[in-house]
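Structures follow.
Here come two complexes built around chain A, the first alongside chain B, the second alongside chain C.
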Partner chain A sequence: MRVTRTFRTMSSLLLLAALAVPALSGVPTEQVKETTEKILEVVKDPALKGDDKAGERKRLIRVAADERFDWQEMARRSLGRHWRSLTDEEKEDFVALFSELIGHSYLAKIQGYTGEGVRYEDEKVDDKYGVVETTIVTSKGVDIPVLYRLKNKGAEGGALWLVYDVSIEGVSLVNNYRTQFKAILSKSSHDELVEKLKAKLPKDEECKTDDESSASADSQ
Partner chain B sequence: MKILSALSLISITWIVCFATAALGEESETELVSSGSTLEEDPMDYEEEIEEDAISDPIESVNRVLFGFNDKLYFWVLKPVAVGYGKVLPEPARRGVRNFFSNVATPVRLVNCALQGNLKGAGIEVSRFAVNTTAGVAGFSDPAQKHHGWKKRREDFGQTLGRYGLGEAFYINWPILGPSNPRDTVGLVGDFFLDPVNYVFAHMPTRLGVKVYDKVNGTSLSIGAYEDLKEASIDPYVAVRDAYHQHRQYLVEDID
Partner chain C sequence: MKKFDVGLTVGLFMVVGIVCLAFLSIKLGRMEVLGSSGYNVRAVFTETGGLRSGASVVIAGVEIGRVKAITLEDYEAHVLLNINGGVEIQEDSIASIKTRGLIGEKFVDISPGGAEEIVQPGGRIRDTQPAVDLESLISKFVFGDT
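Up next is the complex of A and B:
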């Protein structure tokens, strides 16, 4: 396993150096790794430990995640058919809200990670779409399989692999939220869904939605 | 006695088969990965995923039971598990979990074999041999640490899934939690395979042992349920969907 991974890392580096054409195998994994390592660095950095640094850590993790996660794509897929019925402003607001929710619920939890790191198991690429399979090694001796679905949004010949779904132990984040949102939208309106999402976010967080008149101006 | 149990198990399976065909709309649980691994145009994706959710005809009942389980967790199971966790250090509790897991080897072994996964069955045998001896009655897991033999996650519900039985619809049992007709039959089947149920034939003792196992297991994952609740807009639906996706994943996952 380790031999394969080293070989793949080496070969993808060589390919990158040669300014290769589309479908560079290994590039999705490399880009996921880049982001994961950035985030883990923040988590493990001794200079960023402590409660007083919590805001800074959260910010840095969010910056790293923003480089790799395609929030728009995730938010759109989580709404399914309903997305098409929204106005542009509603779409924008929803994407911001959704990314805040994920950031708050998941990225914040990463800070508790004390394990041994991530293993990059496998990668599949088909034209613009890719899948990277990883295993998160926890300190409790449990291995958690995490799978990233990515789409190459780079310009012609370039490679910018962005995540549009994460599956943990086979449970897709986007699908899980989609089922929840669908259930809520079958009984209530889009605005009510938005209200429920907002209720989930802590009040002191920087709100990116435009219609939150109270928070956004002061939180800078 | 055993033959009667086996016969009743088979007849239950058949009854469930017909019941599920009648009751539930079949959810699209194909044996091969439903939905491609690599996504096509989002338009196709939307149509395809619309069919993938599990049907929930008894949702109102399930929600009540979900609420019951929620209270049971916060009022009983969690306080007991937290208290227990303060008394026994984590490595010891992990040892206990390993012990119970080792004892339940026949469940995984038999189900691997039933699915034609002889390699997995063989690994389970090897794991049992190594962990029971070098692992001191199963408290430790040298089979994984030193040999890299990972535990296979297999149960009778998955075996039935492999043979084509769909989940049919969602059931949220009190205490036992999320399930469906197929996996419930699976639990019954595995009951006959788990040595704990033979060693502790006396019901109260067996119940005590099972409760201890549950408390110990919970003490090692305090916070997981809370995190899920916090991350979800509708925890009931989140759990239902996560269970469905996870079971699908386990059925398809063969090693």
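Up next is the complex of A and C:
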């Protein structure tokens, strides 16, 4: 038992070392890595496994994601021209709803990840904009290219790179939602769009964004 | 007198015929002889999927420009788009390469954003989506399933 344990630790250390060596990466990559690793830690943590820990896992992942993802920027870009017609309160509410929606949509996928790791392939920086190309290596051996678009929102001289778009297999998340929202908004009002999106969230999450619906049955 | 008239008429017809031919070939060949109106913007794609020079640039299905040139720089495709004057492209617009039908010709679709800033002539559309490589997607689907 002991032998396999040390072997495992050694091989994961070697793997980490191997990953660390070619990384002459810049700040955007470092920051993306930080967040990705935090999230993966939560997913892989044996102490957090099991259905009873689902809420805790979700909370921790959300905290890590909030550090790196600029939900406001993503929500704004997804609404496109429509964003400008919203009141400040509507904007705030929409950003909160949007981040809940994204979190909910991808949470299951993230938690199902039992893969080998993430490769940080390339980084391109142009003034305040950066692109980090990564590849997620799954246990089936299939490589999934994931591209992060970031904007440096740090103060003068500082570096706080926040993600404003994620492209998986070349398909942009923002573009995807933008197309769908545009189609919905061409036929219905903003409030109807909000209702449609709220309907996609499980009941217990709706409580946070809507005062009326009480905490009904636990869906998780 | 008569001979002179006939000669002149024939000559005139010849000239008119050549001018028409030239006009037709320029129009059909989509050449820009008189200089193009509009302005140029760049977009960088990792995969153009066979996009050709002269392909349409489209917003909401309406052609608002054409692809002027495609060059390879640093192993990426730098596409120069000529956009009609009067059409504004927001800073957070997303340029994607789409296909007419499923296996038709490629064109550039621009999805307008909501930013206040507009891409200036000579500027760049930062957010791009490469052409979908159906074959590699199918192979991933097949491979991933085993």
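Throughout what follows, the second predicted complex is superposed on the first by the 180 of 220 C-alpha atoms of A that agree within 3 Å, B and C clash if a C-alpha of one lies under 4 Å from a C-alpha of the other, contacts with A are read in each partner's own complex, and residues count from 1 in each chain.
Definition applied: contacts are C-beta pairs under 8 Å (C-beta built on N, C-alpha and C of every residue); 3 or more make two chains touch, one makes a residue touch a chain.
The structure displayed is predicted, hence computed values, not measured ones.
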So, after the overlay on chain A, do chain B and chain C clash or fit? They clash
Please indicate which partner A:K109 is in contact with in the superposed arrangement: first for chain B, second for chain C, both, or neither. first
Report for A:P202: first if it touches chain B alone, second if chain C alone, otherwise both or neither. neither
Is A:G130 in contact with chain B, with chain C, with both, or with neither (first, second, both, neither)? first
After lining up the shared chain so the two structures overlap, which partner does A:P46 touch, if you call chain B first and chain C second: first, second, both or neither? neither
If we overlay the two complexes on their shared chain A, which of chain B and chain C does A:T179 touch? Say first, second, both or neither. both
Jot down the residues of chain A that show up as touching in both complexes, chain B in one and chain C in the other. 76-77, 80-81, 126, 129, 140-141, 149, 167, 169-172, 175, 178-179
Of chain B, residues touching chain A in the complex: 37-39, 42, 45-46, 49-50, 52-53, 90, 94, 141, 150, 220, 227, 230-234, 237-238, 240-242, 245-246, 248-250, 253
Given the complex, residues on chain C that touch chain A span 46-47, 90, 92, 94, 96, 111-115, 126-127, 129-130, 132-133, 137, 140, 143-144
Could you list, by residue number, the parts of chain A that touch chain C in their complex? 76-77, 79-84, 126, 129, 138, 140-142, 149, 165, 167, 169-172, 174-175, 178-179
Mind pulling up the chain A residues that touch chain B in the complex? 76-77, 80-81, 101, 105-106, 109, 124, 126, 129-131, 140-141, 143, 149, 151, 167, 169-172, 175-184, 193, 196-197, 200
